[in-house]
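Have a look at the structure that comes next, please.
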Amino acid sequence: MTVIIINPNSTESMTAAMVPVAEAAAPALEFQGWTSHAGPPAIQGAEDGAAAAPHLLDLVKKADQSGAEGVIVGCFDDTALTDATAQSSCPVVGIGQAGMHLCALRQWRFSVVTTLAVSVPVIEENVHHYGLTAHLGRVRASDIPVLALEEDPDAAIQTIIDEARLAVAEDGAQSIILGCAGMATLTSRVRSAVPVPIIDPVEAAAKSMLWLT
Amino acid sequence: MTVIIINPNSTESMTAAMVPVAEAAAPALEFQGWTSHAGPPAIQGAEDGAAAAPHLLDLVKKADQSGAEGVIVGCFDDTALTDATAQSSCPVVGIGQAGMHLCALRQWRFSVVTTLAVSVPVIEENVHHYGLTAHLGRVRASDIPVLALEEDPDAAIQTIIDEARLAVAEDGAQSIILGCAGMATLTSRVRSAVPVPIIDPVEAAAKSMLWLT
Amino acid sequence: MTVIIINPNSTESMTAAMVPVAEAAAPALEFQGWTSHAGPPAIQGAEDGAAAAPHLLDLVKKADQSGAEGVIVGCFDDTALTDATAQSSCPVVGIGQAGMHLCALRQWRFSVVTTLAVSVPVIEENVHHYGLTAHLGRVRASDIPVLALEEDPDAAIQTIIDEARLAVAEDGAQSIILGCAGMATLTSRVRSAVPVPIIDPVEAAAKSMLWLT
Amino acid sequence: MTVIIINPNSTESMTAAMVPVAEAAAPALEFQGWTSHAGPPAIQGAEDGAAAAPHLLDLVKKADQSGAEGVIVGCFDDTALTDATAQSSCPVVGIGQAGMHLCALRQWRFSVVTTLAVSVPVIEENVHHYGLTAHLGRVRASDIPVLALEEDPDAAIQTIIDEARLAVAEDGAQSIILGCAGMATLTSRVRSAVPVPIIDPVEAAAKSMLWLT
Amino acid sequence: MTVIIINPNSTESMTAAMVPVAEAAAPALEFQGWTSHAGPPAIQGAEDGAAAAPHLLDLVKKADQSGAEGVIVGCFDDTALTDATAQSSCPVVGIGQAGMHLCALRQWRFSVVTTLAVSVPVIEENVHHYGLTAHLGRVRASDIPVLALEEDPDAAIQTIIDEARLAVAEDGAQSIILGCAGMATLTSRVRSAVPVPIIDPVEAAAKSMLWLT
Amino acid sequence: MTVIIINPNSTESMTAAMVPVAEAAAPALEFQGWTSHAGPPAIQGAEDGAAAAPHLLDLVKKADQSGAEGVIVGCFDDTALTDATAQSSCPVVGIGQAGMHLCALRQWRFSVVTTLAVSVPVIEENVHHYGLTAHLGRVRASDIPVLALEEDPDAAIQTIIDEARLAVAEDGAQSIILGCAGMATLTSRVRSAVPVPIIDPVEAAAKSMLWLT
């Protein structure tokens, strides 16, 4: 049986980057990556999320009906997650949801380092909706677009590390969640540079499937 | 310019019933009713809502691009409302949202009388999500399926009146919201029988367009 | 039938400025402006609000008993609104309440640009009381006293525009509410300068009467 | 120096009953009872509260300006408390507020036994407004009007005891607050009959003045 | 490496019952059961929890220092969990916390069926503290003492099944959490009789360790 | 009868400093100071709090059983307060809890000036847990360690005054709570320098015993 990671944006390289992260995190499970080709190339803000939703919901339905053991929505905004869950018989987890609940279970105050400012209200609303507001330090934009993470991770890494350090110093964050699926390739470098637990949301979602399935 | 009422379920007679209610409530506006033929025949619970969402979002996009002045999502569950709003340039209002905010603006405690128990958690979550929990008496199921309202309103009316009276007596409700688009034909009879304001959500949504446009 | 705008402060010129804004926003309604001559000259902070409350409540009662179709409390602090509503048979709306609920219905995150810092806790408590905390960016003081807006609007305009732009940049605000009745004369200039919807609370309250009456 | 208990309703006998309760609870303080003769004879529901507010605020101002050490608003609905506090330099406490905060400080879950159902939403909103929702079992109406407590306390006592016992059994209440100033004469009898702490709100407010002054 | 399940009560048979449930749920992990011999024989209500806390915290410290991979607090009240977590370097999970977060991740509304009424406020406060109030149907007491579950499970089973069915019918519960470590031996029988997911909190905590470690 | 102030840290000089502050605040009561010799020398952050908890709970039990009229937990973090209360028959109050509830009763927005950043999340969680979030300006770290307050108060005083002034200017604070038991010796100097009420939490807790006992 298989867990399907569905990337609601159309950028195949992001899907391809998520699968090995999941496999390394939960070797007992099998993962497949699906890309929503009809989605926008990146999901930045509520408008992109709405554009991505119908195509994503179609893929979730297809995954559920194909007998998937679980589905991971591979965007930190947890695109269309309520509807995706409601229409499925298998567990459906969003990578943002998984990262945040992991911190809540550990009773850590967390800050999120994400991409553009336009995503901040979406993520904050999710924190609120999940009931985890009391755990939140701050959602911080790094001002790096999603696709720039893909194209030139080296340029992005220092900005993300700086923002994570500020989160520790200013927000009292006891952990940092990397707030974009596209940051998975940077996780180990951020971990080396910042002295609190760094949550990779793809890892968190992959391992949560060990719990939920 | 025109306001488009989109019924996310496929039952044309429900769409047809909503339009004159809206026209009577807001004669200064022009209304059209669209039916989501690919949706389920009725939306009862989160699973139906998820099934209806992609088709509804397609119609909302079409309405917005056609130059509609506003869009009303004609299901009390406010199906896919967050995404519908995010993807649109014109105002998009859900009939549940409109009814609840009207009561909040008036500072009334409200109870909702809806159809089946399966809809109660969906509506309660919406109340919570809109921030209006402090205004809520209770969401009450009448155990009348959506389509039974259409087929035999006379059989349903007494049950709905009884539930509304209980809401006044037990919940301290200062107003009652009829929690289904299909109840629009019953509004005047409930108003005659229950001595607090009875909110018809289609009326509330239609008039809210005078505010928002 | 008529909607009465009651200015709880004693500055007649502010009352006079509100009426045409309301008339332009809702031409289908008739508006009258009443001034609470026994109130303080401006309402800045909770202490002024308490001083204004009894006189305001007297005027609201007089308006309701005179057969007014609706009453608008013309101070952004929504002075004594709960009591004003409870004692009235007609709809009573505060201009702060109307502006905030309008943004909530549109699902916009809003920031407020108001006058002095002493008003910030009053407005924040109102946001919290209405259940709209999740929609709030920030309440921002411009450090311009209420009456200075009246006396020298040209001196004030740039400060307000600057604060509104900061709200967009720093708070992720998707809309800005002008947080003082006395800003109504500046609305069009702020709208020209700031690229998100600018909510004039007098307009919002006036149009809400189309919904509530 | 003196603490002034202001009864916002016009029933002098209720004022007269409160003063000795306060004196017995806090012998180190001096108490005076003032009656708001322009208020309604009893405050039952939000409408009565609004009618009482302006007269009450006048008396609070007079008390504060006379050099009172503190003011107690002697109605369980905490009539106009926010405004009364904002306009005063001395501490102003409501008897409902005092009773509820006392239970919160003791970390007790409390239920309230009050008079008519029309007061339930007012009290619940106060609990919510004070932030104490997590401490609340339930607000229970005994269906005894305020003035009936005065006129025939013997007839009322068993109903109140029964409701208090139900609160223990059904709500898990660890303490019961008597939710009307007019119940002060019944406190000892309820205490004899119900095996959890019974909070008399006049006592609680009187003793809180030892803390706040 | 090993996960230590610490039973904060002194009843060894309850510890012994938990270990095989955990082993079956997470065969990839090794579990040990420790009993807090200085604790009360059962934890029923806040007072028992407070009595159990210091001894439990000693054992958690010992477990953490012994190099445990994780610690499970084996009481549904999540005794002393905040302190237990704060003092440990390894993950510490409460069985109540794990069961509730599992339901939250699945986006299920849950009701809890626990033992005595005295535990209801403790559990409700935990739900509130974890931010999961919006997911809660109701916490239901079965009136079966903890040790009676141990001594005569057959007598208890029908009562628990009845309460679980009521939770589905009356609370709209989409899942039921068995609210006592001592119910683990009854799980399969409840699952056969009630048509929604039944969460065994020991299973949930054991599997959560696959996620957190 | 006597109120026992239990200092959960092992620094005797801090205990000795608290007793005269309490005696001056509530001369009608008798106070004793107990020191938890097995606790850490200072409580800075959640980890120290957890280390202090078992020893503190032992002392609270001893105090309660010795017939104390009340117990004050003498650390602003309100160490183990829920358990300390649950296990006691006499009132148990935390100095943080008392200071915050006093501000809430007065309807003041408060900011806290505490010692190190590591205490900020602990205090914020307490504010949230008590339901007083709407009253909070901000919890501000002065970056002065607890014991430095003891050793060189003169060096600390200006920093604390500066932070308190910032709280008034930036947070709209209407009162300032000194967020460490060790600040009691500085209270009068802060009061001279900052023009809003300065709450000494030891005073607030001592006087609250006049209310609760």
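First chain written, first letter: the chains are A, B, C, D, E and F, and each begins at residue 1.
Simple rule for what comes next: a contact is a pair of C-beta atoms (placed from the backbone, for glycine too) under 8 Å apart; a residue touches a chain by one contact, two chains touch by 3 or more.
Every value quoted in this text rests on a predicted model; they were computed, and no experiment measured them.
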item: Fitted rotation between subunit C and its twin subunit F in degrees, CA, nearest 5; value: 120
item: Most distant chain from subunit E, judged by the mean position of its C-alpha atoms; value: C
item: Interface composition of copies subunit C and subunit D: same or different, split at half; value: same
item: Between subunit E and subunit F, centroid-to-centroid distance (C-alpha), Å; value: 34
item: Gap in Å, rounded to a whole number, between the CA centres of subunit D and subunit A; value: 51
item: Chain centre separation in whole Å, for subunit D relative to subunit B (CA means); value: 40
item: Computed distance of Cα centres, subunit F from subunit D, in Å; value: 29
item: For subunit A, residues contacting two or more additional chains; value: 82, 85-86, 134
item: Chain contact topology (line, ring, star, complete or other); value: other
item: Chains that touch, pairwise; value: A-B, A-C, A-E, A-F, B-C, B-D, B-E, C-D, C-F, D-E, D-F, E-F
item: Contacting residues of subunit B [partner subunit E, same complex]; value: 117-118, 120-121, 125, 128
item: Subunit D contact footprint on subunit C (complex, rising order); value: 46-47, 49-51, 53-55, 57-58, 80, 82-87, 129
item: Sites on subunit A touched by subunit F in the complex; value: 109, 134, 169, 172, 174
item: Of all residues in subunit D, those that touch subunit F in their complex; value: 28, 81-82, 85-86, 91, 93, 97-98, 101-102, 104-107, 130-135, 204, 207-208, 210-212
